[in-house]
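Each of the next two complexes has chain A plus one other chain: chain B in the first, chain C in the second.
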Partner chain A sequence: MFRYYVWLALRSLRRNPALTLLMVLAIGLGIGASMTMLTLFRTMSGDPIPQKSSQLFVPVIDNWGPDAHSKSSEPEQDQLNYVDAMALMRAHQATRQAAMYQVGFALTPADPQLQPFQVPARATYADFFEMFDVPFEYGNAWGAADDEGRSEVVVISRKLNDKLFGGANSVGNTINLDQHDYRIVGVLDHWAPEPRVYDVISGTFDEVEDVFLPFTLAIDRHMTTWGNNNCYDSRLPGWDGHLQSECIWIQFWAELPDAAQAQRYRSFLDNYAAEQQRSGRFHWAPLTRLHNSREWMVVEKVVPDESRILVLVSFGFLFVCQVNAVGLMLAKFMGRAAETGVRRALGANRRAVFLQCLVESGVIGLAGGLLGLALTALGLLGVRALLSEDLARMAHLDAGNVVIALLLAVVATVLAGLYPTWRAMQVQPAWQLKAN
Partner chain B sequence: MQIRPILSAMRRNKVGAFLIALQMAVTLAILCNALFIIQQRLSLMARPSGVDEDHVFTINNQWVGNPDDLGARLAGDLAALRSLPGVVDAYASNSFPLRGGGWSESVNLKPEQKTSTAHSALYFADEHTLNTLGLKLVAGRNFSADEVTDRNGDDQVEPPAMIVTKALAEKLFPEQSGLGKTVYVDKRPVTIVGIVERLQVPWVSNSWSEKFVENSMLQPYHFLAQGTHYLVRTQPGQLDAVIQLAQKKLFEINRARVVDKVQPYAEVRALAYRNDHAVAVILGAVCTALLAVTAFGIVGLTSFWVTQRRRQIGVRRALGATRRGILAYFQTENVMIAAAGAAVGVGLAVGLNLWMMSAFEMTRMSVLYVLSGAVAVVLLGQLAVLWPALRAASIPPALATRAA
Partner chain C sequence: MLKMTHLAKVYRTEVVETYALRDFSLHVKEGEFVAVTGPSGSGKTTFLNVAGLLETPTGGHYHLDGVDVSQLSDDARSRIRNEKIGFIFQAFNLIPDLNVFDNIDVPLRYRRMGGAERKKRIGESLERVGLSARARHYPAELSGGQQQRVAIARALAGSPRLLLADEPTGNLDTQMARGVMELLEGIHREGATIVMVTHDPELAVRAQRNVHIIDGQVVDLTEEPRFHGVHAAAHAQSAA
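After this line comes the complex of A and B, so read on.
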């Protein structure tokens, strides 16, 4: 029976090609626009490490005092200063913890014919790689001893390894960064968290850095941050002045496997801030926060307002398209009221008419959905050309989005077809036959 | 034109009329708000940065390692750049307008102040800066060569003097001229020796920087760091040639460097406003599609009604109705539906705007938008109904006499 209905639907659609085309086009456009925007939005608001996101936490400590925040009582800091970051590292109150900041180098290739080039890098601790489930292609992370000993070791990205070593196992080789040699201990496998969850302060949607090196070594070598450095009060001159200042420039992550540990860490932070108050560094009551990574993405407004507005507008558009489809389908179904009357008179019950119309709207929905998918691919291509490089990289269609698009199209169209179907069901066989 | 017969005919086809009205209402609401956002983005993008953008380009220079003769290297590079044919002037800085990254400081009237008087971008500059960027000095003087000192990243040298933008001077001293006044930057006193007409901050189109987007100060320092930005102004028509020449020259002087982001200012601007541009284009595309879908929906549905009523129209024609009368019937019907839709749409549009104001950083939309949107939607309806209405008008009266 179902196949018969599909056959009937196709016949009916062929009979009125202009109207069919209009419906499919409207649904396709609606799906195309809304899926393009939804795809972007879903990637931006994505959780790149779902298995860990409830266990990774960002501590916030108010080291500027109440004068620094505008009206709200929330601390406005989103990074730590060196003093606090080191205190938290030393206290070792989490299962794993890593302070980190963004740096960069001029890399001089071994081949003297080649020009030096810039590599973005991250100074962090050994725990970083386990915390964020970073995949390795060769070798592994450096160890706690290297953190301690300020070893000249690096982990490099797969991209850099491809560029310098043609993708071969380069563990044990050295690279020259700003005229210092560093020994490669690990090469990452493909790793592209979107957003770049561990640092959403600057370059939220950037690619992962090409080089990772011990934080302790970076501090030893006076490497200033390539990211954001935010100072509230004046500071003493020189590198030590920078380290001792209340300027915030360090991202800090703590891994706390369960709620009890998170709670313990919260009280640890409060105790720490209270201690700073007692020692005279803070002239205010402790104000600390501990956000897990999902909460942190919200606090840091990782998804820009624009993206939400575009989703909103495109779904409004989809709504208009569907209302359009309701009208056209109604026209179509009522246009063949006579035919329906004959079918009813020949013995088709209401259920049969209902199913037939529903199958027809489903077929339209599917056609619209397929067109919508094609338009989504086209739309993403267009969006890629428009958006900045970092966002553009994220605009791709994955299997999940394809399924959502098709489901959305069919469900929306069948829903839209419900009223016209119901009206068709109400056709009185006798009345229709009489009228003719 | 009699409205009563139209109304009673519509009553027999409530749902169809309702669907068109609903479509028009939502179309109106989306259209107004989208156009409003587009207009806002375009006006953001149209603001001048203060720089002579047609003739200036930037080079990001990064030395390999941390050489201790940074000052001499910087002076050598700049002298070489300035002597290139086609170059008007050049200087080096920590940042420049629209770059996307840079320094900002609070500026105060007293050394110790709880809340700061103004926030401002901080650019390092020398005596060549005004000429390189093409800035217009409206009061005071330029830096002299002997005022410009070396500054390392961590140093906090006393700035002897600075040049500020008109916007910053007026923010600090609304009542009088800021020229010659002493203000406090990071608790250190500094005298304003010059005022330039306009110079935007490095960050545009984010809510934090929009509050001080024209507040900039120039301080006389040679910024000695591993990475700096060279800005070069060229003679008209020489931009592309100088861009090639400059890179070649820099590598001739010293190969141990990375030269990156060699960008004409047009490119800097396009990058700075890229996402605003994208939002405007995407919304524009959605609006176009929206109008098309709504218009074709009206065409489709009205055509269907015309087909359905062929016999009745034939009868009316046979009874003496003119073609014009039939045309007017469908047009009036559409105006009535569109007016109802537009009335609801105006409410929806304002509601959507109010909601967006509370949910996002959005300003109030002017009533003019909503009203012109309403007129546009009604006109769109008239345009869309024209073809089916003409078809209806062409139904011959003889149809009434034929059997169905």
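After this line comes the complex of A and C, so read on.
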């Protein structure tokens, strides 16, 4: 019977094209608006590493004291200073751990035809790659020995490898960064975590850097950060002064596979802060936090509150559109009460009438969903024109969004069609046949 | 086949009760052709609606094909309507968007019949009413008489035990009406039980038996059936 109902629904839609167009348009507009906002929201709030998000943690240590807190008693810091980052690295209390910060270089290509250009880079530790399940096209990450030995090695992105080496295996080759040669040990495969989970402070939705190099080497070479650097009080001059200051500029991640290890790490952080208090560095009670990556996205407001409000408003618009669709469907279903009366007389029970109308609602919803998808694509084009390049890059319809749009359209329309369907079901055949 | 005993149908509003049928008793035997007559507002249509299970009686008993159908659920009444009753309406009540074939297909679909069986039955019904060539035509492309023949084909396709006709020639001119009546008589001769509501005495007289309704009650029940056609010949022979 389902196929029969679909066939009847298609005939019914063709019967009154103007009414059908109005209904599909109402639903399509609602779906288009809500899906545009939802697509952006989903991309911004997505979990780029769901398999490990509960195992990757960011430690926070209050190294500024309560005077620096604005309102809440929560620590304001979202990065570590060099002293604390190195203390955590040395303590090695996590299965894997990596301090990191963003740097940048002027890259001079070996090919004289190519002009030097700037490349963003990340100074980090070997564990970074395994922690974030970074895929490699060629070669591997450097090893712990390279971290220790401050080796002049780099891992480069696929994009940079394509640009410099035409996509060939460049492992073993060198690249020149700020007049120093670095040996390539690995080339990343396509990797575009959205948001860029490992550093949501300086460029939440930026592309992954083109070059990765050992943190220790970057420090040795006095590479200043290209990212965020926050200082609360005065600092000593020079590179060493910077390293010894309370300025926070280093992101730190620890991989803690289970709850017990996370709890031990919390205790370790508390003990570390207490030790800093005892040594006279902190003049306040120890205040530390340990957030897993999903919590960290919330703490850092990766998804701004405005986005949530926009999604709510767009769904409010969808609701208004569906209310319109209810009215139109009511007019449509009640307009064929005589036909419903005939069908009832010929043996259709109320359930059959209900299902016929419901399937018709679903077909209308599907048509509205398809139109909504087209409008969503248009909406995202508009968003790309308005937003930053990085956000625009993310604003695309993937298969999941297409499925959500169609499901949303069908479910919302079927729900909207429940009242008209119920009214159609109540048609008294005797009255309709007499009236006819 | 159809047995109504002390049946009542009351329409109630907040201020008034209207008896459409009261103490209504009627027995139609299998194979009978009964004409129900009466003035406007006498309750003919209400009787037909109750007989066709489109409305439920408010009192009394109604047995159809030996089963008490007075107070069945909507689902059960729909099933019986679909399987045992064929309707022929004054206004034909064909679905304008469906062609002849698909109109006749409607009751068979609700019986969840297989495609091949439906096609066979539709073909036979159309042949029976002489409209095989019009299967792909839409109702608007047919004359009134042809539309009523399609309605009859639709009623016959499900092989119903009872045919209920409500003023089947009311919307037709004399020539078309004659054709439809001859068709109904032919169907009756093949053994169908037919109850026809009409206000036309000339049509009523062609039925085996007349039932007259006034103010919702049967006032004149002719017990002795008048036979015609093959039945009349048999009756004459047995009388001799």
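Criterion: the second predicted complex is superposed on the first by the 434 of 436 C-alpha atoms of A that agree within 3 Å, B and C clash if a C-alpha of one lies under 4 Å from a C-alpha of the other, contacts with A are read in each partner's own complex, and residues count from 1 in each chain.
Here is the rule we use: a contact is a pair of C-beta atoms (placed from the backbone, for glycine too) under 8 Å apart; a residue touches a chain by one contact, two chains touch by 3 or more.
Treat the numbers as computed from the prediction; the structure is a model and nothing was measured.
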May I ask you to decide whether A:Gln118 touches chain B, chain C, both, or neither, giving the answer as first, second, both or neither? first
Which chain makes contact with more of the residues of chain A, chain B or else chain C? B
Contacts of A:Tyr419 with chain B and chain C, given as first, second, both or neither: first
Answer with first, second, both or neither: which of chain B and chain C does A:Ala345 touch in the superposed model? second
Taking the superposition as given, does A:Gly335 touch the first partner, chain B, the second, chain C, both, or neither? first
Examine A:Arg11 and indicate which partner it touches, taking first as chain B and second as chain C; both and neither are also allowed. second
So in the superposed three-chain picture, is A:Ser267 touching just chain B, just chain C, both, or none of them (first/second/both/neither)? neither
Quick check for you: in the superposed arrangement, does A:Pro429 touch first (chain B), second (chain C), both or neither? second
Of the two partner chains, chain B (first) and chain C (second), which one does A:Asn169 touch, if any: first, second, both, or neither? neither
Interface residues of chain A shared by chain B and chain C, listed 436
Within the complex, which stretch of chain C touches chain A? 45, 49, 52, 54-55, 74-75, 78-79, 81-83, 87, 89, 91, 93-95, 97-98, 106-107, 109-112, 154, 158
Within the complex, which stretch of chain A touches chain B? 18-19, 22, 25-26, 29-30, 33, 37, 67, 106, 108, 115-118, 178-180, 202, 224, 234-235, 237-239, 241-242, 304-306, 308-310, 313-314, 316-317, 319-321, 323-324, 326-328, 330-332, 334-335, 382-383, 386-388, 391, 419, 423, 436
Chain B - residues contacting chain A, complex: 15-16, 19-20, 22-23, 26-27, 29-30, 33-34, 37, 62-66, 101, 114-115, 153-156, 186-187, 226, 255-258, 260, 271, 274-275, 277-279, 281-283, 285-286, 289-290, 292-294, 296-297, 300-301, 304-305, 307-308, 356, 359-361, 404
Contact residues on chain A for chain C in the complex? 1, 4, 11-12, 15, 338-339, 341-352, 429-430, 433-434, 436
